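Shared between the two complexes below is chain A, which has chain B as its partner in the first and chain C in the second.
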Partner chain A sequence: FQTTMDVAAEDSDQMPSGFHAKAAAKAARLRREAAKLASASALESPGGIESRPGEWAPTQSKLLRRVAVAARPGHFELSLQYGPYSVAYDTTGRLLALCGRGGHVAAFEWRQKRLMFESQVNEPCHALTWVGAGSTPQLAVAHSNWTYIYDAQGLELHCLKRLHKANKLFWLPRHWLLAACTDTGHLHWQDVSTGQTVASYCGHHGPLRVSALHPDSGCVLTGQPNGQLCIWTPLEKRPVVKMLCCPAGVRAVATAPAGHAVYTLGGDSRLRVWDIRCLRPLSVSDSGADAASIRLFDAAPQLAVSQRGLLACPVRQGAALMVLPAGGAKPLLSHPSPGRLSDLAFCPWEDVLAFGHARGLGSVLVPGSGEPNPDGAVHPLSGKRQRREAEVRGLLDKLPPETIAPPAVGGGVNAVDAEGIEEALARKRAAVMALPSDEVRQFQPRRRSGKASGELNRKVGERWQRRRMELRQLLKSKKRVLAEMGDEGADAAGGRKTKKAKKVSQSGELTKPATGTFLDRLIPKAD
Partner chain B sequence: MKVKLLLRNPQDYLRETADDIHKLARNPAPELHPMSAETEYVRALNAAKLERVFAKPFLGCFGDQGDQLSRVCMHPRALSLCLSGCVDGRVAFWNIPRRSRVLQLDAHSGCVQGLCWHPEQDLFYSCCDTDRTLKAWRVGDDLVEFSRPVSQRHLDFAPLNLDHHVSKDLFALSGDAVYLYDSRRSDPVGQWKWGSDSVLQARFNPTEWHLLAAVTKDNALLLIDTRQREPLRRIRCEFRQNALCWNPQEPFVLATASDDYNLYSWDARRLASPACVYRGHTNAAMDVDFAPTGRELVSASYDCTVRLWESGRSQSRDVYHTKRMYRVFAARYSLDARFIVTASADFNLRLWKARASEKLGALTPRERAAVNTAEALKQKYAHHPQVRRIVQHRHLPKRLYQAQLEMKAIRGKQRRKEVNRREHRGEDKEPFVPERDRHVRGVDE
Partner chain C sequence: MKNREDSDDDPLEEEAEATMSAGEEASADVPEEDHAALLSGLRRTLKVDGRRRSERRPPSSAMDVHGLRSAGGAASSMRQILATALGGQAAKRAVGQELRAAKRRHRVLEAPAKLTEAKSQRIAAYERANKDLGRWYGYVERNRLSEEVSFPLPATGAPRPQSVSDYRQRARVDIAVAMSADPDSAKGESGAAPTTSAPVVDDLESRLYRRLYNQTAIAEAAGLAAGNPQQQQQKNPNQLDGAKVRERLASNRRLIARRHFLEEKLKRQSRIKSKSYRKHARRAKLKQEEAELTALKDSDPAAFAERMAALERARADERISQRHRGGSKFARQQKLRAKFDDAARQAVQDMIQRGKELTEKTDGDANGDSSGEDSDAKSSGDEAAVQLPEDLVDDWNDGTAEEDKDETVPASLRPARSTGLSAASSTLASSAGQKRQQQQRSLELDLSHMPSLPTVDAAGDEDGDALEAASSRRSLARLRTDELLAEEVAETEADAKADFEREKAAVADEEQPKDVDLFLPGWNTWTGPGTRPVSEERRQKFVIKAPRRKRRDAAHGHVIIRERLGAGQALRRHLVKGVPFPYANAEQFEGAMRA
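On to the complex of A and B.
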C-alpha cells in the first residue's frame, strides 16, 4: 500500500522538505517491518517456475508431470456448443460460472467439479459476475436486453431492467454494488443489499465497450476510441479523470485485483502500464528500466491480471493464450485454445487461469499467479460458518458510494481538507482585517433641537470627531498590514493588489513591521 | 525446470476438533486491505449509531416517597446503600440495586436539610431547620435500635446543610454562619462568617484537613481555614451558588452549581475566575457532584434535567430527562462512578446509568474488546462531521428544546450587541472579556 508520498520516496529530491523526507522514511521503515511480520507469519509461499536459460515455456502436460496430483483439477477442458463463453470466478475462488452467447448459463465448483446449476436461457448472454458474499452466492448475467440475477440453484431472482444492454458487469464487494457498462453508453451502480440504484446515467462518451473495474477504489475505467482512458464514479455524471493513454483507440483495459497498475492495450498493439494514483506510466520491469510498452502482435482485446501481477492475453488472433510475468516481456507459459478466445479470468488465491472460447472453456495451471496467504474468510478453504459471518460483517462495513474516488483526485476519509482550512483562515483574516465600514466612518449624529441642544450637539459632535480620527488611524494601520502581508493578504481581505504588495512578496521579506496592534499576529513570519 | 504450484493443505485451514474455534487466515499486507481508512470510518459511524441505539440510561424509580425529596446521601463504603431526606422530615434507607427501601424513619418534624455519613462508623447524621436539631443515627441489624437516634443536639440556629470531615470526628453545619462541631463537645469549635447572609452549604476538602468551602446566600463562595478566625477568601459571584463539591481526585478543584444556569469549577489556588464554565442548563442548577474518578460531573437542575459533564469541557456529555421527572434537587454518583441517583420534586428517587449505553453485567472478553474498539473508533473519528453529529445529538422534549433555543438566541443577541458596541465605541472602551471572566464580581481577602 503506497501513498503518493511513498511513490516520491524513491526520489528523495522530490521531497518538499526535511519533514516530508523523514515522514516518508518512517513510512518506508514501517512498511518493511510489516512485510517482515507478514512473511514471518505466512503459511504458504507463492508458486513459480524456475527455468534454465534457453528452456522453452512449459506446456500443461509438462507442468502436470512436475506438480502434485492434487493440482490436477486445475487443468480441464469443457467442450460446449453454445457460442463464445465468458467466465467468472467468485471472490473466494471456489466457484466458476460461465455464460455463452448461445444462452448457456452454468455454475460449478471447479475443484470438485460439482455442478451447482446449468440452464439454457434462450437469449445471448454477454457478461457475468458473481454478486453477494460467499455464503449466499448469486450470479448476475447480462442478457441481450436486461440483466438477471440467479441464485446458487439457478433460479431467477431478479430482472434488472435498468441495466439495459450491459456488456460488462462488475462487482464491488466492499460497497455491495453491482456496476454495469452498457452498449448505449450508460453506467449503472446498483446496491445489491438494499436494491437501491445508486447511480444510473448516460456518460455521453459513446458506447462503453472497453471497460474494467479498479478494485482498490471502486472506480470504473473505460477506454475510448480516441485513445482516452476515462475514470467514472457513481456521484459524477462525467468522467472524473480523462487521460490520453494511446495514440490510437483503446482496445482493452485491465487492472490487477489489488494495487495501482492499469494495463491498456491500444490500437497500435502496444500494452502500456499506468499508475492510477499519479496517472503516469509505471515502469513495467522491476529492474527499473523504462520499458514503456510491450508490443503484443495480433492480440485480441481480452486481458486478465492475476493477484501477483501476471498478465494473460490472447495471441495469434485468439488461437492461444499467453501469460506474461509481472513486469516482463518474455512469456511465462502459453496454451493453445480450441476455439477463438473470448474471455480470460485468473482464479483468486489459486494458481489457475480459466479461459472461455468459441467452443467451450478451459482451465490451465499458472504457477505463481495466486496470492498464497489470504486474509479473513474469503478464500477457497473457508468454512460455511466463517463465510456467513464474513458476509454479515461485510454488510455492516458496507462503504457508502461517496468513498468511490480515483486516488489521483485525492480526498479520502483521513485526507486533510487543506482547501477548506485555507478558506476558513482566509475568512477569519478577512473578518479581522475588514476595514471599518463606510457607514460607520461617515456616520453623522443627528442634531437635536430644543433647549440646551447646542451644548449637547457640540459634545456629541466632538465625540464623533474623535471616533472618526480613531477609525482613520485604524484604517491606515490595517492597510499598512495588508500591504505588508502581500498578495495573499490583499486577496483574503478582499482589497486590491497594490504594486507595493507585489514587490514585497517577490522579495519575500517584510520591509516594515506593523504597529504594535493585535494585527501583528497576522503577519506571516519569515522562515 | 523447477515448478512450484500453490497447493493448500485443507488441514491447515480446518479446526482440529469441534471444541476448537475456527481458524481464521490472517495476512496484514496492506495490498489485501484497500480502503481500510474508509472501512474504519464506517465502523466508527456504526459504533456511534449503535451507542445511541443502546442508550437507555434510566434504570428505574425507587418508589414514591409521598413528598418532595430534598437530599440524597451515598454511603461512603458500601456501593449499594444510600439515604434520602424528605421535606416532611422522613429519612429513608435504600438498597440501590433492588431499588427497594430497607427502612424509613420519621427523623424530624420539618424538612431534612442535611444528611451525611460518618466516614468509618455505621452512623449517619441528619439536621433540620424547623426543629433546629442535629441527630445521629446508628445503622445496625437491630431495627428497634435504628428507630431512635443515638444522640440528639439542639442548635441555636437553623441549619441549612451538614458535612462530615473525611477522617476526624468533626462536622460542619451551615446556617447563619459556618459552624464546626466536634462530636464530643456540645458547643461549636469554630464559627466563620462573612457578611450577614446565611450559608447554604459547607464542604470539607478531601485532603486538606483544615480547609472548608462554603456557599452563601449573598452570591458568594467562601474559602475557610479552620485554623484561622476569619475566612481566607470570598469570591463574589453574580448569582447565587446553590451547591458545591470538591473534586475527590484533584482536591484543589471545586465545582459549584449556580442560579445563572451554569456550573463553575474553581481552582482553589487561583480564584480570580472560574477554571471552567459549564453551560447547558436552561434553569437554575440545584446540585452538583463529582464522580469518584474526578473526571466527570453530574448536575441536577430546576429545568427537570440531569446533565453529565466531562471535567474541563463546557458542553455537557449527556442529558437525562423523563416525562415524569420534575425539578431535580439532588444528584449523586455511586461509588463506582457507574450510576447516578437523583432526587426530584415529583417525590421520586431515580437510578440512572452514568454511561447511557453501557451493558450492565459481566462482559465476555470479546464483548469487552468490541466495546473498547468501538470507543477507540469513535474517538479517532470524533471530529468528522457525521460522527460528531450523531455522538453529540440528544433528543430533548419540546419545551426543553425551545428553552435551549431561547438561551441561544439570548446569548447570540448579547454577543452581537457587544460586537456592535466594540465597533462603534472602540476596542479600548469595550474590551473583549473572555467567558470565564464574566461571572465573578470580585475576590476579597
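On to the complex of A and C.
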C-alpha cells in the first residue's frame, strides 16, 4: 500500500512539474530527518536469557550480578503476616498494590519503595486492581462481601455493593469499566466514570474462580469446571463464545496483554495455548513439532503472561515458580517462594515479576518479560502532566460497552460496517432502478373532442391526475433515497450529492420487497 | 316449635280435642237445648241470617248489627244489645255466662286436613332439605376456597335416593319425625296408637341411611311405631349418671396433675449443672437404652432390627465425616451396638485405630518449621539455587514431557475459594452422575489411607527436601492414585465432550430461524368429517421457509459461537459507515487499524 507521495519520491525525474519535484524533495528530506531522529533514540532491544542444553536456569543472585544497576530494585522480598497476598501493578507499571486474606491492603511505588498507604480493613481481601488512568490512581479491592475503592492515600471513596463477593476484578482502561467475577457466580460490569452498572449476568455454573481479561477486545474469559472456556461481553447475558478446551476442567486461564494467545491449565495439569481469533490451539513446544499441550508437574492454578509473552506459573504446588518462554516448554528460570504462591503479576514495561504468597510478597527479575519500548501515552517514564493529559484523553475517547466483542466473532470497533454498506447500496439500487408501472408508462391521454360529454372528460382528467401523482411519488422517493445515500455511501455507490437532496429528511422508508406470490397479501401494510 | 297447622291435621289430636271440648262442655251449666233455643230466638229477634255471616263487606265505622262474628268490636257491641234487650241483672249474668261459653265452644274452624297436608309435607321437605344441604356447606365452602379441585371428589355424605319411591318414603319418615318432635302433639298422643301412613322399613339401606344421618329421632319414631318401651328408655345414650361423671372428672384431674409433676421434674433436672450428676444420668440413660434394647431383642424383633439399622446408619454417617473419634456420643452408641454384633465391634475398633494412625505425627511434619526458616534464609541469600525435582529437570532438559514420570497430585486435597483449585476438584463431581460421585468418594477415602501425602497448607512451609523425602516414601501410593485419577479424568473428559456436543446442538437448533406455517388450523375441515385432507403439496405452499444460515462455528467441533443479533445492531452505530478515502476496500482499512 503506497501513497502517491512515495511513488513521486522514487522517480523524481518523471515529475509532471517543478512543483511536484519540489514537494517530492521536501518529503524526502523530512523522511531522512525522521530516520535520523529514530536512530538517535534507537528502539531498545528486549533483554532475555539464553539457555544452553544441560545448563540450569540462572538464579536471581546470578542475574543481579549481571544486570544494570537501574534494574536491581526489581528484586526484593517483603515478609508480611497477613497472607496469602494478591498483587496488582497499575497500567504505568509504577505502582504496586497488595492485599492479603488477613485484611492487609497497601500500595507503594516499588522502584523507590515509597509507601503510599497501608491499612488493615479487618476483612479478608480476595482481589484487587488499579482503576483509572494515570494521574489519580484508585485501587479497587474485593473484600469478603463488597468491593471498595480507595484512593492513593488509602481513603475509602466508594463501596460497590453490587460487586458482591468478587473473586477477581478487572479494569478495562479503554472502556472505563470495572469487571468482576464473583463467588456467587455472577459477572458484573460497572462503569467507573459514570458509576452505572452496565451489566450483571449469572454464569449458572457455580462460583467463578477461574477468569481472565482479554485486554485487546475487553472480553472476560471464564473457565468452567466442565472444561469450557466462556467468553463474555456486557451486551450478552450468555457467553458469546464457548470453547471446550480442557475436558478435565479449567483450573486457570491467562491472556497475553498484547496479542491473541490464551493460556489454559486443565484439570489434567496440561497447559494449552489458544488463538482467541480463530479459537484453535497453538503449538507450545519448541522441540516437538505439534505438541498441543505440555504437562506442568505439580502445577498450582495461577498463570501470568508478560507483555512479551513469557508465561509464569507456580510449580511444586506453589512452593516455587518458573517462567516459560513464549511458545516454548523449556523453563527460562525458576525461583523458590517462601510461602505457598497465591498470585502472580508481571510488571508492564519492566522485566519484573511480582508474586504474592502466604508469607508476603516477592519480586524477581525476569529478563525479556516487559516491552522495552512504551508506545502508549501512559508508561513508567511519563510525567505527571502527561498522565493528567492521558486521563482526560481516556475519558474523551471512552469506548461504549457495545464495542466489546471477541475477535473470533468479528466486528470490534476497528471494523467497517460492511453489512450497512451493502444494505445502503441495495436500497439505492432499488430506488434508482425502480420504474413506473406499465399502466402509467403506456398511458396515452385521450384526444379531446369537443363532442365528448363533460362527465367523461372529468373521469379521464381524474385518471390522468392520479397517474401524474404516482409518477411524482416515485420520483420523490428516488430523490429521497439518493439524498440519504449521499451522506452514507455515495462514494461507494458512485452517486452524487445535490443541494436539494440534503434538505430531505433522513427517515427514508424501505420499499417492500416484491416477492410476487399470492402470499403478499399476508405481509402487513407499512402504514 | 312446630307449627300449629302441623298438629291440626293429626286425627289423633282432633280426637283429643274433641274429648277435651266434650269434657269442658260437660262441666258447663247451660244445657244444649236451652242454648239452641236462645240462639234461634236471638236470630229471630235480630233477623240475623247464619248463611250471610261470611259475606264480605266494606269496612265501616258504623256498628254492624248483622255481622255477628265479623270482628271483636262487633261482638262487644252485640253483647251490649243483648244486655239492653234482656234487661234485669240476674238474667243478664246468666246470659253473659252463656255467651262466654258459646264463644269458647265455637271457634272458627281451621282448613280441612286434606288441604293442609300438602303444605305441611312441603314444609317438612323444605326443612329436611335445608338440614341436608347444611351438611354440605363446609364442603362447598372448602371447595370454593381451595386452589385446585380434582375430580371425582372423594365420596362423602349420604347415599342418594335411587328412585321416586325412595324420595316418598323419606318424606314420610320426615313427617313422622316432625310429628314426634312436636312437644304439643307428643303430649297429647301418649297412649294413642300411631297412625303414620308410612311403614318404617328395616332393610339394610334404611339402616345405613339412619346411621349416616344419625337420626335417632327416626329410630324413635320407629320405636313408637313398634311400641317398644326399651327404645324409649335409650333416648339419650350419651347421658351418664352422676357417679360416673364424677369418677371420670376425678381421673382427668389426676392425669393432669401427674403430667404437671413430670414436667416440673424434668425442668428441675435440666437446670442441674453438676458434672457428676450428668455423668450418672448419662450412664443411667445408656443402661436404660441397653436394657430396652435387650428387652426388645426378645419381645419385638422387628423393632430391635430397626434400632440396629439406625445405629448402623449412624456409623455410616460418621464414616463419611471421617472424624474417626473414639469418645463421642456416637462411639458410646456404637459400643452398645457392638454388644449384639461382633462385626460392628471390629468396625469400631478399626475406626479408632485409623483415627490414631491419621493423627500420628510424621517425620516430614516434625521438622516442618525449621525447613520453613531454611527456605526463608535461602531465598534472601545469594546461593538461592533453585533445585527443581530431578525428574522435572530431566524432562525440561530433554525438551519432551515423558508421560511415565508424570507426577500428579489429586485436586481434592486443596483448600476452597482462594484459588481455582476447588473449581477443578468440583469438576470431578459436577458433570458426572451419582455413580461417578460415589467413585470419587471412594477415591478420596483411599487417599486418606495414605499417611503422608504432600499437602502444602495455607501457611505453606514445605521445603524442597521435605518434598523429596516425601516423594520417595509415597511412590507406591502415587502409582495407585495416578491410575485412579487417569480413569477418573478419562471418564470426565468423555462426559464433558458429550455434554458440549449436546449443548451445541441445542444452541444451533435454538438460533436457526423457524419456518412459518400459514396454513391455519381448521382449514379444510369445516365441512365436517369425510372431507378429503388437503394435499401435502398444497399445504407446503403455505409454509414460508426460513433461510438456512451457515453457523460460524460449523467448522469448529469444540466451539459454540452465539449469534449476537442485538449486540451487532448496537455495535453498528459505532462503526465506520464507509471505507475511508485512501483505502480501496474494507479489508485494507481494517488491516491498517489492526496494525
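Here, the second predicted complex is superposed on the first by the 362 of 527 C-alpha atoms of A that agree within 3 Å, B and C clash if a C-alpha of one lies under 4 Å from a C-alpha of the other, contacts with A are read in each partner's own complex, and residues count from 1 in each chain.
As a working rule, a residue touches a chain if its C-beta (ideal position, glycine included) is under 8 Å from a C-beta of that chain, and two chains touch if they have at least 3 such contacts.
As the structure is a computational prediction, the values presented were derived from the model and not from experiment.
After overlaying the two complexes on the shared chain, residue contacts for A:Pro239 are found with chain C alone; chain B is out of touch.
With both structures placed on the common chain, the touch criterion links A:Gly54 to chain C but leaves chain B unconnected. Contacts of A:Val413 after superposition: both chain B and chain C are touched.
Look at A:Ala166: by the touch rule set out above, it reaches neither chain B nor chain C.
When the two complexes are overlaid on their common chain A, residue A:Pro400 makes contact with chain B and with chain C alike.
After overlaying the two complexes on the shared chain, residue contacts for A:Cys99 are found with neither chain B nor chain C. In the superposed model, more residues of chain A are touched by C than by the other of chain B and chain C. Look at A:Val315: by the touch rule set out above, it reaches chain C but stays clear of chain B.
In the superposition on chain A, the residues of chain A touched by chain B in one structure and by chain C in the other are 1, 399-400, 403, 413-414.
Those residues of chain A lying in contact with chain C across their complex are 1, 3, 53-54, 56-57, 59-61, 77, 79, 84, 101, 126, 167, 183, 206-207, 209-210, 223-228, 233, 235-236, 238-245, 247-252, 267-269, 279-280, 285-288, 291, 294-295, 297-298, 300-302, 315-320, 322, 329-331, 333-340, 342, 357-359, 362, 399-400, 402-403, 405, 408-409, 411, 413-421, 488-489, 491-492, 519, 522. The touching residues of chain B, when paired with chain A in their complex, are 1-8, 10, 12-14, 22, 24-35, 37-43, 46, 381, 384, 423-427.
Across the complex, chain C meets chain A through its residues 372, 375-376, 378-386, 388-389, 391-393, 395-397, 399-401, 403, 406-409, 411, 417-424, 426-428, 430-431, 454, 456-464, 467, 489, 492-494, 496-497, 499-500, 503, 518, 542, 544, 552, 556, 558-562, 564, 566-568, 570-579, 582, 586, 588-590, 592-594. Across the complex, chain A meets chain B through its residues 1, 31, 34-35, 37-38, 41-52, 55, 58, 62-63, 66-68, 70-71, 74, 174, 215-218, 258-259, 350-351, 365, 367-368, 370-377, 379-383, 385-386, 396-400, 403, 412-414, 436, 440, 467, 470, 518.
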